[in-house]
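You will see chain A twice below: alongside chain B first, and alongside chain C after that.
== the complex of A and B ==
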């Protein structure tokens, strides 16, 4: 049953991710991105990380995609020209095809990691208390740094998007 | 049908990352390039959660928090830059944003 769900969500995620790349209209691409993130959230549920699935839905599919849609409608760009590979030089094309073939071949021959039976491993990601414990002990410094990063990002966005009318003479 | 093992999840993660990278390379609209960057970040979180689940550790799950936060900050700053660029140049097509190149 979990195999079936994994396959359904995997195909769904990959198909909608391909839609992000292939749709010429940016609104369709953003909606495809949202569906792809819903698929990823489903995969997280399959991995017993319920909190992370909820967070991906809330932060990515809710906030970030909504922000993208706002900007797409604000800028009102016309549809893209069809995405194409024709502009690539021939050396780059041969190199890319060679790299993809080498990657797939090495994955199929030697890329098999030992996969323990999922029933024998404790599902730590399902335990909410462990997240809080880790964030406030082992990862306390990264949390502080991330808070600082968010502060800097907020200041940067304000400076970038606000028009400073009276400051022209200073520049 | 692919069984839901660690290899299956990792292959899916790699495929998602490759689709995102392809989009970054071939799209000309800056907004869509940004969306493909988000796809690549999500692919890396999928790999982290899969490793964490199959090894019985917690660290990969916690790292997803950090990636989410960095992605949110990145999107906010990036979209502000794109809007400022559009105000200045009236375009967000990558082909036409080549002032530094010439």
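== the complex of A and C ==
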């Protein structure tokens, strides 16, 4: 039962993720992204990581994609016609082919992960206290750096979007 | 009877339980729409709806006219009207999303119910067992996560309608909902800091919150609305904004946006938005009751178990789980309905904010206040629970 659900959610996640790339209408693409994240949350539930599942829903599906949609609606993009392939410069084509070949080759040669001993893997996604404890001890530095990055991004947006005319505006 | 139920397949049991809860929420939603009209009328000093009546009930003396004055049959009339009205689909809309939006409105409204316990019973040992569709550890987070998906229905309705007023309504709605979600989430953190006392297993479930409000002693029996008044205030203010109720009903705001995001909607599709709004109010009030008003405990410092003890001194029947369950659900629903009355009361008391005021209250007042509140309680709880 749970294996079947896991497979269904996996297919669902991949199909909607493909929709994000393939749809020309930006609203369709944004909604596919939302559905894909719901699918990821479903996968987490299948793995007993309820906390992560609901965090994905709350942060990504609930807030961030909603903001995407908000921006798409404000800009009212109809989707530009895609540049046709024959206009691409030759360097870009070679680069793209090279990247695809490198990606497939690396997947084929090193794609197998050693299967870990399940008993030794800490269930961080399931236990609330353990998760929070790890977040504020072992992973404190990444959390702080990420927070700092977000702060920088926010300040950047304010600087870029606000028109400073004279010195009085900065105060 | 009970054996027959417990012998059913778990999936069938779950479906039955879910249906039972939905069957309660829909009529209460309908009754709320009626209550809204009656309370509005009462506050404005007019009779309100008092005409509709079913013929053969009109023949009953005394009771018939009384029910007519109460306006009970307007619920049926409204529902019937919404169902049988022509379901017009404007030509200029994006049809797929236009039809999808009201359906999306219902999904989070009904899904959040699963994580909200609505009553309790005592088992043989006198331990309080909460009644819920899914009494999960993650309770509060699940409610926040799923209800945050409700914003999509407003955005999509506004966008798919493909005209100016709905679009403005949709844009306002998404900005408002995302702004107030922050303060709302931060305001409940002190509650969960307090109930996750050291040495106990971590949980975000509501059962623990109610358990902490039904302990003995002065501090133990105190409802969190007294212990954390600022949190309760921020939560209920954000709840008004999240459910699009006045004074925060920017997305609708019929004075300047005709009907806001649902201007182009009619008949049953409009009705679904309406029911979803009331379902959100019901669940929001339920969560507020659990967090700050002691859940199924009848009065502050008097927990449910105490009342059951007193009642079972009178009659042994009172200790039966069924009786306790019905009693606790009754107490819980009573509080929820009282809160819904407050929603309606505020509607006719506080005038609607301007949009810039809504944003200013959200970002410049509530958010700093909730952060300060969180820091204060984090320090205080760390000192007390050490």
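Rule of thumb we're sticking to: the second predicted complex is superposed on the first by the 122 of 171 C-alpha atoms of A that agree within 3 Å, B and C clash if a C-alpha of one lies under 4 Å from a C-alpha of the other, contacts with A are read in each partner's own complex, and residues count from 1 in each chain.
Quick note on the criterion: a contact is a pair of C-beta atoms (placed from the backbone, for glycine too) under 8 Å apart; a residue touches a chain by one contact, two chains touch by 3 or more.
Since we're looking at a predicted model, the values are computed, not measured.
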Which superposed partner A:74 touches (first chain B, second chain C, both, neither): both
Touching partner for A:63 - first (chain B), second (chain C), both, neither: both
First, second, both or neither for A:48, with chain B first and chain C second: first
Residue contacts with chain A in the superposition, chain B compared against chain C: B
Which of chain B and chain C A:111 touches, first, second, both or neither: first
Shared contact residues on chain A - chain B and chain C: 55, 63, 67, 74
Contact set on chain A toward chain B in their complex: 2-7, 10, 13-14, 17-18, 20-21, 26, 29-30, 33, 36-37, 40, 43-44, 46-49, 52, 55-56, 59-60, 63-64, 67-68, 71-72, 74-75, 77, 80-81, 83-85, 107, 111-116, 118, 121-125, 130-131, 134-135, 138-139, 142, 146, 149-150, 153-154, 156-157, 160-161
Sites on chain B touched by chain A in the complex: 1-12, 14-16, 19-20, 22-23, 26-29, 31-32, 34-36, 38-39, 42, 45-46, 49-50, 52-59, 61-62, 64-66, 68-77, 79-84, 86, 92-93
Interfacial residue positions of chain A with respect to chain C in the complex: 27, 31, 34, 50-51, 54-55, 57-58, 61-63, 66-67, 69-70, 73-74, 127-129, 132
Contacting residues of chain C [partner chain A, same complex]: 97, 136-138, 141-142, 144-146, 148-149, 151-152, 155, 158-159, 167, 170-171, 174-175, 177-178, 181, 196, 201-204
